[in-house]
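These are the structures in question, set out in turn.
Heads up, the next two complexes both have chain A, just with different partners, chain B and then chain C.
Now for the complex of A and B:
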C-alpha cells in the first residue's frame, strides 16, 4: 500500500489521464491498424490473415502509384514555392520599421482560417461564371472560362496552390522570429565590407536561421503526406484521379469500400514514412549537423 | 530593430513587394466579406467588387436556412468540452513531467513524441470501428474524446515547457508548509501558469473549431454536425447562392478573427512553439 502512495507513484497518477486518453484515441487504433494491414477484413465477417498480400497488391495498384506520385509533386512544390516566398518576405520585413506588425498579422491570418473557408474563397475566385477567370475572358483575354479544379491537367496544382496560400504566412512568422535573433553587428560588419543585400542574406541570415530552416523542411516533408482537407474539399481526388493523394485514396478505400486491410496497409506505409523521416533528422542531429 | 541599413529607394521597393504579398494574402479574404453582404442579383454584374447595396440580410437568411443557431452550439460544445478535458489531462501530465520527474518519465515523453507524428490516416479507420463498438459514433462526447487525445501531446509539451521554468523555491516553501502533491498543483503551479493554459486553450480551441477530417468521419447526423462539415454540405446544397454561402463562412470565421485580434501574440507563439524548440 505504501508503495502506491510513494512520491514517484503519485507522479505517475498525474500522467495517467493524458496517457489513457491518448492510448485510447491514437495508440490502440494504430496498433490495430498494424495488425489489420495483414488481413483482408472488410469491416464485418471473418478476419483472414493474408500476410503481405495487401502490400503486394498496393505496389500493383495504379491509383495508389498515382497518389504517391502526386504526394511527391506536392512535397516538392511545398519545399520550393512557399519556402522561397516566405524567406524573401521575412527578410524584407526585417528591413522595415513602420507597419511591420501589421504586415506580419496579415501574412499570418490565412493560416488561422478553416480549410473549408480557404477552399470556398478560392473556389469562388476561379469560378467560371463569377471569378477572376470570367472577368479576364469578358475583357477579351483568350482564356477558357473553366475552373482549374475541374481540369485534369491543373487540378493537383490548383489544390496545392490553395493550401499553399493558406500555409505560407505561417512560414513567414517562423522565419522572422529566427531572423530577429541574428546579431546586428554581423550585418554592420558586412556593410563595411560592402556586401550586397543578397550576399548578406546568403552568408549571414541563412546560416544563422539554419536550425529553424531545417525544422520547416522537416515539417513540410512530414505534413505533405497526410494532406487531406484541401484535395477532399476541392476535388475529392478528381477529376479522373488527377488530384488523388494518399490520404484521399485511403479515405475512399476505408469509408466508401470498407477495405479495412487495404487501407490499413496504406496507413502503415504513411506511418513508416514519417518514422523514417523523423529518424533521418534525428540521426543527422546526432552526427552533429546542428539541426 | 534595424537589421540592416537601407537606402530610401530600397525601402520603397521593400514596401512595394511586401504590400503586393500582403494583398495576395488579404484580398481573397476581403472578397469573401464583400460577397457575404452582396445581393444574389449582383453576382452576375459585379462579381469581384464592393457591393453597390449592402445586404446584411444574407446573414439572417443563412442563420435561419442553415439552422446556424444549433450548429454554433454544436461547435461550441466541441470546443469547450475539448478544452476542459484536454487541458485537465495535459495540465496534470505537464506538471508531473516538469516538476515531479518520476522515474521513467522520459519514456512517456518519447511516447508523446511518437504519438504527435503518427498521421491521422494511420488510425482513423480502426478508431471508427472502435467508436462504433463503444457507441460513441455520432455523439459530441465521442468527438470531444478524440480531439482531446489528438491535442494532448501538444498541450502537454507546451505546459511542461512553461512549468519547468517556475522557480523551485515556490514549491519548496509550500512543501515545508506541508502541502501534498495535489495541493502543489492546484495552489502553486496552476495559479501562476494561467498564461500557458490560455495559450494552449486558444490553440486547441482553434484546432477543434476548424477541424474537418474527424468531424466528417465521426459525425453524420446533420443536426449534430459542427460548422466545418455543415459548411461543406452547405456548399453543395446552396451551390450557386454565393451570398448565403459566404455569409455562413464569415460567421464561422468571425469568432476566430475577434480572438486573433485580441490574442495575436499568444496564437502566434502557441502555433509556432514547435519551431522555437527546434
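Now for the complex of A and C:
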C-alpha cells in the first residue's frame, strides 16, 4: 500500500487520464491501422490476411521508389536551405537593436499562414496567365511564363521552396531564442581576443545552441517524412509523379484506389523510419552526446 | 376513492403520452447526406426537401450537407451508421459498398414503383449489381465540345466531323493566335480522364471500348494505343489545350472559363456540368457560345457518340431502419419530372439532371434553348445507339485512377504509350480476377 502511495508512483495517477485517452484515441487506432498492412482491405468490406504481399508489391512499385527518393531529396533540402538561412538571419538579427521585433514578425509571418493560403499565394505569383512572370512577359520581356509547379523538372523543388518559405521563419525564432541564452561575457572575451563575427558564430554561438540545433535537425528529419499538405495542394504529386512523396502516395492508394492495406504498408514503413530516427537520437544521447 | 382516481389519472396520463408519441402521430425520418455546396444546398432544401415534406404527412426528409462527403460517408458506413439515403460519386463507390454488404437491394422497390420504365435504360443498368438494382442515378452528364459561335461565324469555321478536319481547324485557330481548346487540370487532376475517355471512344470507337469493358478486347490493342498516342500528340506536341501541357496543368475552373469567354481559346472540351458556368461566363459578353458533340476522330469520320456518365448515385443504406420511406423519397423524385426539371434548370442542367425519359413537351420556355437541344439530342442519339462510355462511370477504381494519373507519365515522356496501355490492361486483369468490374448494359 505504501508503495502505491509513494511519491514516484503518485505521478502515474496524474498522467493516468491522459494516458487512457491517448491509448483509446491514438495508440489503439494506430496499432490497428498498422495491422492492416498485412491485409488486402479496401476500406469497405471483408479484411483478408495476405501476409507480406503488400510489402513485396511495394518494393516492386516504381512510384513508391520514386516517392522515397523524393522524400530523401526533400529532407536534404530542408536540412540545408532553411537551416542555413535561418541560422544566418537569426545571428544577424541578434545584432539589431532597434526594430528587431518587426523583423522577427516578418520572418515568422509565413509560418502563421494556413498552408492552403501560402499555396494559393504562390500559385498566383507563378500563374502562367496572371502571375508576375506573365506580367513581365506581357510588358515585352522575353521570358516564358511557365509555372514551375507544372514542369516535372522543377515541381518538387518549387513545392519544397514554398514549404521552406513558410517554415524557415519558425527556425529563425527558435534559433534567436537559443542565441539570446548564450552568455554575453563569452562574446566580450572573444571581442578582446579580436575574433571576427564569423569566428564568434562558429566557436561560440553554434556550440552554445547545439541542443536546439540538433533538436531542429531531428524534427526536420522526422517531419519531412509525412509531409503532405504542400505537395498535395500545389501539385497533387504531379506532374507525372515528379513531386510525389510518401504521404501523397499513401493517400492516393487509400482514398483514390481503395487499397487501404497497401497504403497501410506504406504507413508502416514511414512509422518504422521515424522510430529508427528517434532511436538513433536516443542512443546518441545515452552515449553522452549533448543533444 | 381518492386512490382509485389517482391511479386512473396516472394511467390516462401515461397512456396519452405513449399514444401521442407513437407512430400514429410521429413522422418517419429519412436522412439524406449530400455533398455540401453553397449554391446547391438551398435549392435542394427548398425545391426538394421542403416540397416533399409538404406533399405528405408520413415522412420527414432531412437533408444534411457534408463537406468531403465521401470520407465522412465511408467512415460512417464502415461503423454501421450513416444516412438512410446514401449518395456516392459513381458506380465504383457503389460497387465497394455493395460488395461489403452495406447497401440494401432496391430491386423490390424498383419493381413496385416501376423505376426501370422511368429511367433511361443505360442509367438503370449501371445500377444493377449481381442481378439486383442497388443504385439509382441522381444526375447524368456527357462530354461535349463548346465553341465560340460568334467567332466561328466571323472566321467562317465549322465544326469538324473527322480527324483531318479537326486538325485543320486546330491549325487555323492557332494561326489566328488563339488556343484551340481552353481547359486545365489544376484543382482537379482527374480532368485528364475526360480527354482520355473522349479520345478512346472517338478514335478506337465505342464498340471496341465496350468490348474492352467486358473483356473481349485488351486495352493494349492497337486501336487504344493509337487513341492515346493521338491524344499525346495533340496535348504535348501541338499544345491544343490552353497552349501547352504546362498551361493545361496550371489552369483551373475559373481560368479556363475566362480564357474561353475572352477568346483566349476558340473551343472548350468539357462535360455538360459546365452549362451553368458557361451561361454566366457569356452573360456579359457580346459573343455567343454553342455546343457540339465531340467529333469522330477517324479519317472517314462518322456519327459522333455521346459518352454516358453518371454524376452521382443514390442507394439505401444497409443499416437503414426506414428503407420503405427512403424508397418513397426516391420514387417522389423519379415520378416528378417537373420538380427534377425545375431544380436542374436552376443549375442550367449542370446538376440534378436525373436521367428520366424527357421529351420536348416536358420543357418550359424558361429552359435555355441550347441546353434543351442537348437533352433532347442526347436522348435521341443514345436511343439510336450512338453512345460511348466515360471512364469514371464504367472503370473499376484502380484502372480508373491509372487512366488519368499515369497519363501524365506518358505526357512527360517517361513511359511509352504501349507500356502505359500494357500496365492498364494488367490492372483490368487484376480487377476482373477480384470481381471488381462495374455493370455495363449490353450494347
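Rule of thumb we're sticking to: the second predicted complex is superposed on the first by the 256 of 291 C-alpha atoms of A that agree within 3 Å, B and C clash if a C-alpha of one lies under 4 Å from a C-alpha of the other, contacts with A are read in each partner's own complex, and residues count from 1 in each chain.
By our rule, a contact is a pair of C-beta atoms (placed from the backbone, for glycine too) under 8 Å apart; a residue touches a chain by one contact, two chains touch by 3 or more.
Only a predicted model underlies this, so the values are computations on that prediction, with no experimental measurement involved.
Peer 1: Superpose on chain A as described above, then tell me if chain B and chain C fit or clash.
Peer 2: Overlaying the two structures gives a clash between chain B and chain C.
Peer 1: Pick one for A:115: touches chain B only (first), chain C only (second), both, or neither.
Peer 2: first
Peer 1: Using the superposition on chain A described above, determine whether A:284 touches chain B (first), chain C (second), both, or neither.
Peer 2: Touch status of A:284: no partner.
Peer 1: Going by the contact rule set out at the top, does A:17 touch chain B (first), chain C (second), both, or neither?
Peer 2: A:17 sits against chain B, while chain C stays out of touch.
Peer 1: Who touches more of chain A, chain B or chain C?
Peer 2: B
Peer 1: For A:255, decide between first (touching chain B), second (touching chain C), both and neither.
Peer 2: After superposing on A, A:255 lies in contact with both chain B and chain C.
Peer 1: Looking at the overlay, does A:83 come into contact with chain B only (first), chain C only (second), both, or neither?
Peer 2: neither
Peer 1: Contact-wise, after the overlay, does A:43 reach chain B, chain C, both or neither (first, second, both, neither)?
Peer 2: Both: A:43 reaches chain B and chain C.
Peer 1: After the overlay on chain A, which stretch of chain C ends up in the same space as chain B: 39-47, 75-83 or 237-245?
Peer 2: Between chain C and chain B, the clashing stretch is 75-83.
Peer 1: Under the contact rule defined above, give the chain A residues that sit at the interface with chain B and also at the interface with chain C.
Peer 2: In chain A, positions 43, 123, 129, 255 sit in both the chain B and chain C interfaces.
Peer 1: Name, in rising order, each residue of chain B that touches chain A in their complex.
Peer 2: 1-6, 10-11, 14-15, 17-18, 21-22, 24-26, 28-29, 31-32, 35, 43-44, 47-48, 85, 88-90, 92-93, 95-97, 100-103, 105, 108, 111-112, 114-115, 117-130, 145-146, 148-150, 152-153, 156, 181, 185, 206, 209-210, 212-213, 216-217, 227-228, 231-232, 235, 242, 245-246, 249, 252-253, 256, 260, 264, 267-268, 271-272, 274-276, 278
Peer 1: Mind pulling up the chain C residues that touch chain A in the complex?
Peer 2: Checking each residue of chain C against chain A gives 70-71, 74, 77-78, 96-97, 99-102, 186, 189, 244-247, 249-251, 255, 259, 397-398, 401, 405, 408-409, 411-412, 414.
Peer 1: Hey, which residues of chain A end up touching chain C in the complex?
Peer 2: 42-46, 123, 127-129, 146-147, 149-152, 236, 238-242, 252, 255-259
Peer 1: Tell me, which parts of chain A touch chain B in their complex?
Peer 2: 7-12, 14-15, 17-19, 21-22, 24-30, 32-33, 36, 43, 85, 88-89, 92-97, 103, 105-117, 120-125, 129-132, 134-135, 165, 169-170, 173-174, 177-180, 182, 184, 187, 190-191, 197, 200, 211-212, 215-216, 219, 222, 225-226, 228-229, 232-233, 246-247, 250-251, 254-255, 260, 263-264, 266-268, 270-271, 274-275, 278, 291
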